[in-house]
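The following pair of complexes shares a single chain, chain A, combined with chain B in the former and chain C in the latter.
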Partner chain A sequence: MSQSDERYRPDRITRREALARGAGALLGGSVLGYLALAPEHLPFSRRDDTGRRSEPSERPLTLPDYSVSPDDSTIAVSIGRNGEIGTLLRKALDGMGGIRKFVQPGDVVLVKPNVAFDRSPNLGATTNPAIIRELIQLLLVDCRAAEVRVADNPIESPADCFAKSGIGKAAEEAGGRVFLPDGNAFRTLNTPGAKLIENWSFFHRPFRSVTKVIGVAAVKDHNLCSASMGIKNWYGLLGGKRNNFHQDIHEIIADLSMMIHPTLTLLDGTHVLMSNGPTGGDPSLVRKYEVIVAGTDQVAMDAWAYKHLLQRGDDYPEYLFKAEQRGSGRIDASGRIREVV
Partner chain B sequence: MATAKLIFNHKKRVTRRSLITSSENFSAVLLLVLLLLAGSWFLRQGNLYDPWERDISQEQLLQSQPKAALYSPPLKLWRDPTSPSPDSQLDIEPFPLHILDSNWQPRGRISLFEPANLYEKINGEAEKFIRQGFRQLHYLVLRSASEGLEIAIELFDHGDIAGSSGIFADHQSDSSRILRSGPVHYFETGVGMIGRKGRYFFRVAADREGEDVKEKVQQLLEAFADLKEDTQDLPLEYRILSDSLNLPAEAISFQAQNVFQLDSVEDFWFAALDPEDKARAFLHRGSSADASKDLYQAILAEQLYDYEIMQELEDLVILRHGFLNTFFIMQRTGAFILGMENLTEEEGGEDVMAMLLEGIDESIG
Partner chain C sequence: MNQPGDFRQRLNHLLRLANIRVLSQGSFLLLFVVAIWLTWTSRIEGYRVSWFLEIDPLVALATFLSTGYVYRYLGWAVLILMLTLLFGRVFCGWMCPFGTLLQFTGWLFQRGATRKTDDNRYHSLQSFKYILLAVFLVLALLGSLQIGLMDPLVWVYRGFTTFVAPFWDLVIDQLMLLSEWIAMPVDLSDLKLAPGVPVRVFTGSFWIGALFLTFLLLNVRWHRFFCRFLCPLGALLGVISRFSLFRIDRDVSLCTDCNLCLLGCEGASEPQQQLLASECFSCMNCIDDCPENALRFAAHGLDRKQVIAGPVVTRRQWLFASVLGVLGYPLLKSNGFASDENFSADMIRPPGSVAEEEFLSKCIKCDQCINVCPTNVLQPATLREGGIEALWTPVLNFNIRHCQLKCSLCSEVCPTGAIRKITVAEKLGEGNFIEEGPIRLGTAFINRSRCLPWANQIPCVVCEEVCPTAPKAIQTYDEEEKDVFGKLVVLNKPHIVPDLCIGCGICQSECPVQDRPAVYVTAVGESRSDNRRLLLKYRSPETAEPG
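And now, the complex of A and B:
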């Protein structure tokens, strides 16, 4: 036998093996073909005509509980009356045990005012900027907070709203940092138990590394839900097509009461838009009180403001009852309210 | 012998078959010829396409083809609307150009909102406007160069006087003092004004009060009188109330929904007979006499929860409120429902009702 013949090794595959390999190749090819080419709705199909399948998926975030148990936990609502804005604010906070019970040195505090509209402050559609100024100074000087952020997501141009309402200027002059929303500032927030916003776009960027959250809401008439106060203020943190929620506004406000557990809520009773809300337009519809409300039970605070600031009696809006049913607070504040005159 | 068991040889591409039948050769040649014929036919077709040879008629194809714009006018040159050129050829339609002067210039462009995106401007309040036939909102902010003051102007187009007067009525409070300047009806707000002209409703609000604001508001008032409007007939109900009762336009308003606080009652016109008095005449025209008859019965049934019947004829009823002791008169004639509410005396409405009936008779000839 020659040398080349010795190197020659004939293929020893048998008919049975050949058939088995052929069948295996056919089966493998069919499976791969199915995965690649079968329409998207069929089981196990990996086809991706729209590109949606390969989109990066985002894991919804959850917000921590920012609330702090005050020393005197029986008091849920404190009303500061009579005086200038700074005095009213201190009185209201003192009724809750003082701001330093809630904010400690080094805290990063987010303040959420109502900057919903491109309106000047005298029309009562937005939070009084003087309260924001006083509050930020209190947080930075008295509490030695590391940083105070001010954020809202108005549906109109955010820059115009912060400028026209005077809140942008007040915040920056007092040493706060204003966060304006943009397309990348939102993430999906998971709110367990919420009916409409269980997983919904949320203005998250200003919340990064925040340790305390304070809502500072305007008190005003609202065309759809009767009144916009402390709970409704959180609506300004939602993104996406949130206007659709106006079809079921009481449900969404009840959801908002579960979405966030703030450290404190303040209600601006210095400029109350009594009718034609939420935008107003006539200063004669704005009633001025010397009142600021502070508290930890948003449901009780809203009920008090509805009755005493908007003067609507006991016929509370439906969302307060829904929020109460979901355990977000209690409408009846008797025995849990303190007035500092 | 080991090679005898192999199907393929070791090169795997050479058939071990020595004989190929003539039928196989023939069919292979036949397929090749058919393939060549098909290919040559396909190539010969080229761009030849005659719609007549297809099953869709030429007319159908012409009907379904998109309209081609053979000429597009050149784009207008862009210019910065905030540039302080007083002479300017700024396009601020529908606002009259003379709202601008050397001191007051627009801050940014005019924003336009329609029913689909009105919530982007007045979220939470959009529904109130849409209910009153809202069509468009033009939003403009004027800035004073000398004071740095801003005045925001919202001009809502409600399509007709019914919508504009309805939303105007919604904005009035007990303290609103309605004024008139030519065709414009308005009330002052301290930082501006709220008013209407024809189909337009407007809100003007400055940052703060002041003499310069008042001066500018007056100028805007005159400018709004020049708002361009298509000539349109006033609604029949409006004319009947206005002519029969000899009332000025500011006394007449329209309510699209929730009339008498009843969800199902819509499209009523009201006339305030005296600014100091809450008594109002009302008028509604239904689609037919039967529809109005049904509505009349429905209103009566609902009102009986609060009122008691003082007098009832076939198509006329006089009611008295159980607690307020005010009187409510309602009458139906043909497709019209007319009446009065908040009367303090039972007989107080007889003259007005007679005038309205006369006006209806005249209007329907």
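And now, the complex of A and C:
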């Protein structure tokens, strides 16, 4: 073969080397064999006898109670009347003892408006952006909150809903930060005692390191549950196949009253959609009041708005009674209500 | 460096034409990526994000042939035409974002010592692109626009929309998740191409992505395969470049026939002998590679003997290609999907779309509408909805999402007017458009054997809740009924009011019977064509309300 003068010398594998290789194969095989075949309870075992062990699991998270109860006040519902948006908001909050009782310097506040649809503010299907603007300024300037976040998971395109409702612009101009439901923004939330959403997909990303939560709900007609107000507003934080909940709408709203214990709830009484809800679509269906409601008892607040803003009398929707039974609040607000005119 | 002569030499070397070309290619690719980034509802603000398509002479010419007119901005293709008349196929070598991607892929695998002169010799099959061009143009003249199957700018838009964008957004989402996981949350959503939505899907995008990747990866072995063999736009510019003022010129007295000029020749245009001017991208690599300075890019003093102007295609081949085009037309048309008798119920076109026959003579399948759609309802058609002729044209899939009421972005970005530019007022039939009424995409129907209140005595009516028209096109009335367990339940049973329905599909996308929804929209009743109308008269809302 080779024409060179050196003789061909094979490069032989030694006995030692062969033994080492054999031992390596044995060791490697044993390790892999142990991982794959050892009974499930042994350490490091990756064996899955039933196929259940490999099921994806997520440890559900829980939300803290965001409420604060100023000890010197028994007022649960406060109604601000007469004036510009800023005045109404301040009156309503003053009735509760002032916003500074609820939000302290350094707090990270999440504001949850209703941005469900791609509709302009005058149609009453979404929260009035002027309230969001005033509220954020109050939080940042008066309360010296560290950060104000605004989040919702709308039914239509999130970017468009925030743009068309004017809430995105209002929030950003006032110094808030808008969170849209991007990928991985949802996690499973555990709500103890909830019947339909004990463990359910929840728009969690904006809630990271939040210390205070304020809901700012639109008050509007709803085709199925009669009215969408403060409690129903939290529906906008659900993910997953939430359209199933309409099969038991009152139960889900009662569940929502337990899902979050907000610091404060505000009801937007400036644009009330009286019919064709929750989408609206015709400005003539909207009734304007000079009213903003603030409070800590969402059940009492919704009952008040149902009677006085939607003008539906005492025939409250079923979910308010259910929420009352769950201990989320009391419909009867007598003695706990204050009007600041 | 301290010697001025030395510095000047370095500077000259740095500023040589080939380097300026790379800079130009990079800038145009960047502009393209910025345009794609801007193509989103929260960013677009009236930017002309489809401008690469609007300066594409093939789009302008083919739609002119198919419609007789030049839509909106397409006349700007004259810019590229003029540029080609001056400098040859500079568009291919200096501007085309797809060409740049292809060249870059090839460059990654064929650098330095692996470069071979033989890889860049002319291949007789390079004339195939001219055949393709002729087939497409004849088809367009007869009324079927198919250039979008091969146009490079269409490919790069479509590839980015359905393949690159979702992939990129997924990467960003995972990075954000990772940053949260290590407790240092960073908001990267500005980098996403579709921020604010969890995930976008595009039906059949596997094949678009696979072809896109194939075109890229072919460059590993055959440099700029797409540009040399397939590109119909390159072919069109090649035909035009017969008349161009500047070209590469070889000084035969200086040339030593070393063939080094072939080393970096992008177009395989034979600069070492008689230049095939139609194949030359004016990339200027040969000028750099020539050790004898025998090559130059000039307008006068050119040696007529050293050029073959115009494509290497015989008259017989041109004729053959045209006959193929003529034969292809009935082949596409008799397929029967575009007809008014046998149209697919799922062939629901975006608002503002012109009637189907006309639509197919205008749509280039660039998928810009699909990219800008904020709800992801717009999808590239698969063979199921409209056959091969309508492949990758936009259709609405209401199982995914709905058409958002106050949005007309798809009509904004459409470069060819297949989706005519409309305003939201025109879409909704408001203001000046009350007479015409709203644009109807189709009509909703209820499948009572799958609807929860109708079939199973279970309350639901999500469809009524989300119906956006005022008054609602889905109305309900209360009915007390015994369910299978004998319990009395009050049910709101939904009824469609076709007179009010605009076919936006939100009822279908929100229906809990998700896979084959109990309320669904089909194309009949779409207002773009009288031949597909459903109702003779639209009853007034007063009479349509249940009594």
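Here is the rule we use: the second predicted complex is superposed on the first by the 283 of 341 C-alpha atoms of A that agree within 3 Å, B and C clash if a C-alpha of one lies under 4 Å from a C-alpha of the other, contacts with A are read in each partner's own complex, and residues count from 1 in each chain.
Just so we're on the same page, a residue touches a chain if its C-beta (ideal position, glycine included) is under 8 Å from a C-beta of that chain, and two chains touch if they have at least 3 such contacts.
Computed from a predicted model, the values in this text were never measured in an experiment.
Touch criterion met: A:18 reaches chain B, while chain C stays clear of it. Once chain A of one complex is fitted onto chain A of the other, the partner contacts of A:243 extend to both chain B and chain C. Shared-chain residue A:67: touches no atom of chain B or chain C.
Using the contact criterion defined above for the overlaid structures, shared-chain residue A:211 touches neither chain B nor chain C, since it reaches no partner. Once the two complexes are overlaid on the shared chain, A:119 sits against chain B and chain C alike. After overlaying the two complexes on the shared chain, residue contacts for A:158 are found with chain C alone; chain B is out of touch. Residue contacts after overlaying the shared chain place A:184 against chain C, while chain B stays out of touching range.
By the document's definition of touching, both partners, chain B and chain C, reach A:282.
By the touch criterion stated above, A:223 is placed in contact with chain B and with chain C alike.
Shared interface residues of chain A, touching chain B in one complex and chain C in the other, are 117-120, 155-156, 164, 222-224, 243, 246, 276, 278-279, 281-282, 285.
The part of chain B that touches chain A in the complex is made up of residues 2-3, 5-8, 10, 119-128, 150, 152, 154, 170-171, 173, 175-176, 189-192, 194, 203, 205-209. Remark: chain C residues 40-42, 169-170, 173-174, 176-177, 180, 185, 189, 192, 195-199, 374-375, 402, 404-407, 452, 458-462, 464-472, 476, 492, 506, 510-512, 514 touch chain A in the complex.
The part of chain A that touches chain B in the complex is made up of residues 8, 10-15, 18, 116-120, 122-123, 155-156, 164, 222-224, 228, 243, 246, 275-279, 281-285.
Of all residues in chain A, those touching chain C in their complex are 117-120, 155-160, 162-164, 180-186, 205, 208, 222-224, 241, 243-244, 246-249, 276, 278-282, 285.
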